[in-house]
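Report on the following structure.
Going by the order they are written in, the chains are A, B, C, D, E and F; count residues from 1 in each one.
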Amino acid sequence: MSKLTSIFLSLSLSLSLLILTSHASVQDFCVADLSLPAGPAGYSCKSAANVTVADFVFTGLRKGGNTTNIINAAVSPAFDAQFPGLNGLGLSIARLDLAPGGVVPFHTHPGASELLLVVQGTIVTGFVSSFANKVYVKKLVKGDLFVFPQGLLHFQINGGGRTAVAFASFSSANPGLQITDFALFGNDLPSVLVEKTTFLDDAQVKKLKAVLGGSG
Amino acid sequence: MSKLTSIFLSLSLSLSLLILTSHASVQDFCVADLSLPAGPAGYSCKSAANVTVADFVFTGLRKGGNTTNIINAAVSPAFDAQFPGLNGLGLSIARLDLAPGGVVPFHTHPGASELLLVVQGTIVTGFVSSFANKVYVKKLVKGDLFVFPQGLLHFQINGGGRTAVAFASFSSANPGLQITDFALFGNDLPSVLVEKTTFLDDAQVKKLKAVLGGSG
Amino acid sequence: MSKLTSIFLSLSLSLSLLILTSHASVQDFCVADLSLPAGPAGYSCKSAANVTVADFVFTGLRKGGNTTNIINAAVSPAFDAQFPGLNGLGLSIARLDLAPGGVVPFHTHPGASELLLVVQGTIVTGFVSSFANKVYVKKLVKGDLFVFPQGLLHFQINGGGRTAVAFASFSSANPGLQITDFALFGNDLPSVLVEKTTFLDDAQVKKLKAVLGGSG
Amino acid sequence: MSKLTSIFLSLSLSLSLLILTSHASVQDFCVADLSLPAGPAGYSCKSAANVTVADFVFTGLRKGGNTTNIINAAVSPAFDAQFPGLNGLGLSIARLDLAPGGVVPFHTHPGASELLLVVQGTIVTGFVSSFANKVYVKKLVKGDLFVFPQGLLHFQINGGGRTAVAFASFSSANPGLQITDFALFGNDLPSVLVEKTTFLDDAQVKKLKAVLGGSG
Amino acid sequence: MSKLTSIFLSLSLSLSLLILTSHASVQDFCVADLSLPAGPAGYSCKSAANVTVADFVFTGLRKGGNTTNIINAAVSPAFDAQFPGLNGLGLSIARLDLAPGGVVPFHTHPGASELLLVVQGTIVTGFVSSFANKVYVKKLVKGDLFVFPQGLLHFQINGGGRTAVAFASFSSANPGLQITDFALFGNDLPSVLVEKTTFLDDAQVKKLKAVLGGSG
Amino acid sequence: MSKLTSIFLSLSLSLSLLILTSHASVQDFCVADLSLPAGPAGYSCKSAANVTVADFVFTGLRKGGNTTNIINAAVSPAFDAQFPGLNGLGLSIARLDLAPGGVVPFHTHPGASELLLVVQGTIVTGFVSSFANKVYVKKLVKGDLFVFPQGLLHFQINGGGRTAVAFASFSSANPGLQITDFALFGNDLPSVLVEKTTFLDDAQVKKLKAVLGGSG
């Protein structure tokens, strides 16, 4: 063993011994153990001994979701619940596929800002500012970026004649997603309450409740 | 001068000298100087020499806003822009006045969770969870509390025959407020885009745009 | 089934499938499961399937605590340990009842700033700034607000002839509460140490230790 | 004016008046004013009146940087200094272009985790864990994601015969970038110090110092 | 110019150009510019061009403060106001010198936890937990560490016959310091209010007010 | 029982009852339970009933690690895994022992800034800024402080003829430590990849791999 080898082994040993004697390993990541209950900051960490490179890789977004529906759209998330390596790291991503005529209706992410990157086609997108109700709308092409500040209503629409694909990065491993139409009409909140709190007409509310499987 | 006096004066001096020589005062609060531009964490701090007890007191919510309108409701905020002492402290408050029949329409706070306290009358309130679209609704009486997790759609309605008053605390000095109807209809976002992104009928959109002063 | 229905069901399905296959549900709240150990960021989340509207409501502050004691005061907390829906949301509340002559002695909240709202009667309150020892004191009436920056010594006193009630909001779900007299005299810290670290006289320390059940 | 119109105008007025009287506008974003000094949380906010949709759009990454160099690689950042709309929102992005044989040498981002998305070609990437020195390496194809926990050494190499393109999202608007070779050899740190702190041979250090414009 | 040189120059150029064109430099530190007003997250950053190694070095704690007073103690802070390089980095330090018989009276740090390291002599220290009033006390020798959770009352006393020296690290660049005696007696808060809020006797309050320069 | 006693007992009771009925204790610290899995914010909290003063004290740094190796250096951490009382408090510490000629090679802490305090001897230390590659180097003597911004490469070298000792405080309870040489050469990353990503010569890489126990 060379002198240099023993230098490092000594240093390494010095670090390792203290760590070993504490019966706990120091980690610089916290891959989610989805079998345990989460807490406010995310999931419990998988034991370091069981972590492999597969925990840091996600191949589920190679293809988009099925867009052969009327809206010609699919949203495929890679949040911490799908991609455990993101746990505790404060970022995540989702894939948007918008076939011609496709639309992602008005929605919010309660827990994160979003950075949209168009990788194919063209997308018209915009968000509404909260106090002035000012709308910021833009048509984006491949390579363009658009940022949506946290929690504000925004939408995406295919802006051209071919399928558009985008990736949306989020400033949280669990940004949430609340689609306004689903929230208002896709449940059992009585129509009279929906009408009183949205100023929509009764016929409109009942029509959308019927569409979205809501009741009441 | 007693011995005890000199003890403290010495200690005090020791602390003070270092502080004075640095040409900067150590503060344990940061009252907003609204005349300077804000940053992501809030406003610049007012000079400590100019801070008075008035900066930590807000009397603007003694009375509610005017509810002699059709919705019989008023929302009066005491956020950092109204109450500079809150700057940087991570909390704020607003007063809700709901005359009989009053309603605060569906809305979100993009930057904070909310804790509602009813201090007079009864209020029916609820929020919608983002993924399951599950609705959590409750009728509250005086002294009751309801918590709305950050960024989720919620509403308040007067639940009785007399004026109701509530105070909503927020986990941010600047929680924001986005009223869905205002965001969707109170601006110049073209009707065709609103319809495409909300699935509402054209007549419904145009009716509400007219009501809310929107165009397009 | 209408075309519009299928639109939404497709979109919904696309979101749901990915989520289901990950064996973990995405949540936008984290109701405390008080049966599990807490962590630095709060309690573990109750399973979403078991969450009900009751988790977001707290009725324990409809009435104040018993003030038929000499200080004519009661402090009733609604922190995460009492109100599990607050877990991870960064805010909480407490009710203060101050009968005539009532007082909440000097205390701090180690983990939060406080926003006091008077809802009945009058309260004299104040806090002490840390370096200048400057005192900010104010007499508040119904509807007034006072903010106490994090960790600083403050007090509340009934300022009138009738019972006063206030609600204190906090910028943490677990703000803590350290009443100075309890901390100094309500335990077994030897009197000689208390005297040396507070400069109080021996008789004074022993008198308050006797009152507060301290020993040593 | 209809009754409904006046409802909203009243509510709107109630909100607006308080805000106007405070001589400060409430914002839900903070577009960077790059002409003012930054602070620890980012840049000062541009006046809301001067914010336009252009602040939320970035088109600078439509094309990659010039890869006609020997490493056949270019890194093009869209951080807050390039894309002011990101200020304070906790996320940013960069484009990587790797021509055949291209490489991004070992580097770290001192202030953020990174989520890499391959949009063209194949990339071999990996990071080194801090205590075990364990290496996690993977060959990625189009649509694949890889997450690099904050602050750890990692690299990217073109893994195929054609140009590869990837976008790296970061959990900070200003993640930083420290390329190890630049840090060690691209400055005036004396060779003797470099050798003592890296255990590299003198000839090796001097060779790389010469290459990278270092001195000493 | 070698091939390798041009590799790096190309890469460097690619990074630099984008940065330069944005008229803002990317920084990985934020040395305080004490001439500008602070904000909630700290001071504005000094221009990078003006930063020197002196900003990251502090030599003011080579010697302790003057302990030739009755308490035989001195506290010398190196917070952001004294040591501008700490700005925004979330840590700071102070030196404690305790001559024989020396004491740092009960105090709190409103904004930080503290980690005490004894470097000379022996120190008896302790803190009081907030709800149980439980006291944790220990006699420390050279090389020992003691951690005080944020905001809780604690003290330090010289535990031996010779001068003790310790360094206290804090989890904030501006932890604050509120010495209970100073807060209660070193200002113009009327004695009657002090007595009502501390349950101390009138004579005791007036004695300490006299000592500490308080009035009222 | 005196009147004053009953005052406090009443108040105490009022606080205690609510807490007890919630079957959860309010804590103002979170001592790590190392037997349970950690989460992104740290370890689960030990039951308050089992916490003792020993949890807040660490005596493991009274002596330095063994420096009778060629680098004459030892790094001894007191992070949360070694010192459970630090859990969740955002700070930790390590001891550096540098015998004559000793060196701590270039390294980073991925999760924290560092504040170095020299307590014996002299140390030459420095860090490299990320974009300008500017080096900040200084020779420190006893009592001097040096701050290293988060995630940047830095080193320490004994600057004199006798053993030097320093303590490094960190702005995290788990700052991590990545020694560049270990990361690059102490594992099975193939030499060809190391060379391609570091521009080091093959002989140099293989020499250091041999020294550090790497393979490939």
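Simple rule for what comes next: contacts are C-beta pairs under 8 Å (C-beta built on N, C-alpha and C of every residue); 3 or more make two chains touch, one makes a residue touch a chain.
The model shown is predicted, which means the values in this text are computed figures rather than measured ones.
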item: Number of steps on the shortest touching-chain route linking chain B and chain F; value: 2
item: Rigid-body rotation angle, chain E and chain D, from Cα fit (steps of 5°); value: 120
item: Same-interface partner of A-D, chosen from the options D-E, E-F or A-C, over half of the pairs matching; value: E-F
item: Furthest chain, CA centroid comparison against chain E; value: A
item: Mean-CA-position distance for chain B and chain A (Å); value: 26
item: Rounded Å distance, chain C centre to chain F centre (Cα mean); value: 33
item: Distance from the mean Cα position of chain D to that of chain C, given in whole angstrom; value: 40
item: Contacts with two or more other chains, residues of chain A listed in rising order; value: 4, 15, 19, 25-28, 39-41, 43, 110-111, 126, 130-131, 137, 149-152, 176-178, 181-182, 186, 199, 211
item: Arrangement of touching chains [line / ring / star / complete / other]; value: other
item: All touching chain pairs, where touch follows the definition stated at the start; value: A-B, A-C, A-D, A-F, B-C, B-D, B-E, C-E, C-F, D-E, D-F, E-F
item: Contacting residues of chain C [partner chain B, same complex]; value: 4, 15, 19, 25-29, 48, 52-53, 56-59, 61-63, 78, 83, 85-86, 89-93, 95, 113, 115, 117, 119, 126-127, 129-132, 136-138, 140-152, 167, 169-171, 199
item: Contact set on chain A toward chain B in their complex; value: 103, 105-106, 108-111, 124, 126, 128, 130-131, 133-135, 137, 149-153, 155, 157, 176-178, 180-184, 186-189, 193, 196-201, 204, 207-208, 211
item: Chain C - residues contacting chain A, complex; value: 2-12, 14-15, 18-19, 22-28, 30, 33, 36, 39-45, 47, 87-88
item: Residue ranges of chain C in contact with chain F within the complex; value: 32, 34-35, 37-41, 43, 60, 65-66, 69-71, 73-77, 79, 81-82, 110-111, 174, 176-179, 181-182, 186, 210-213
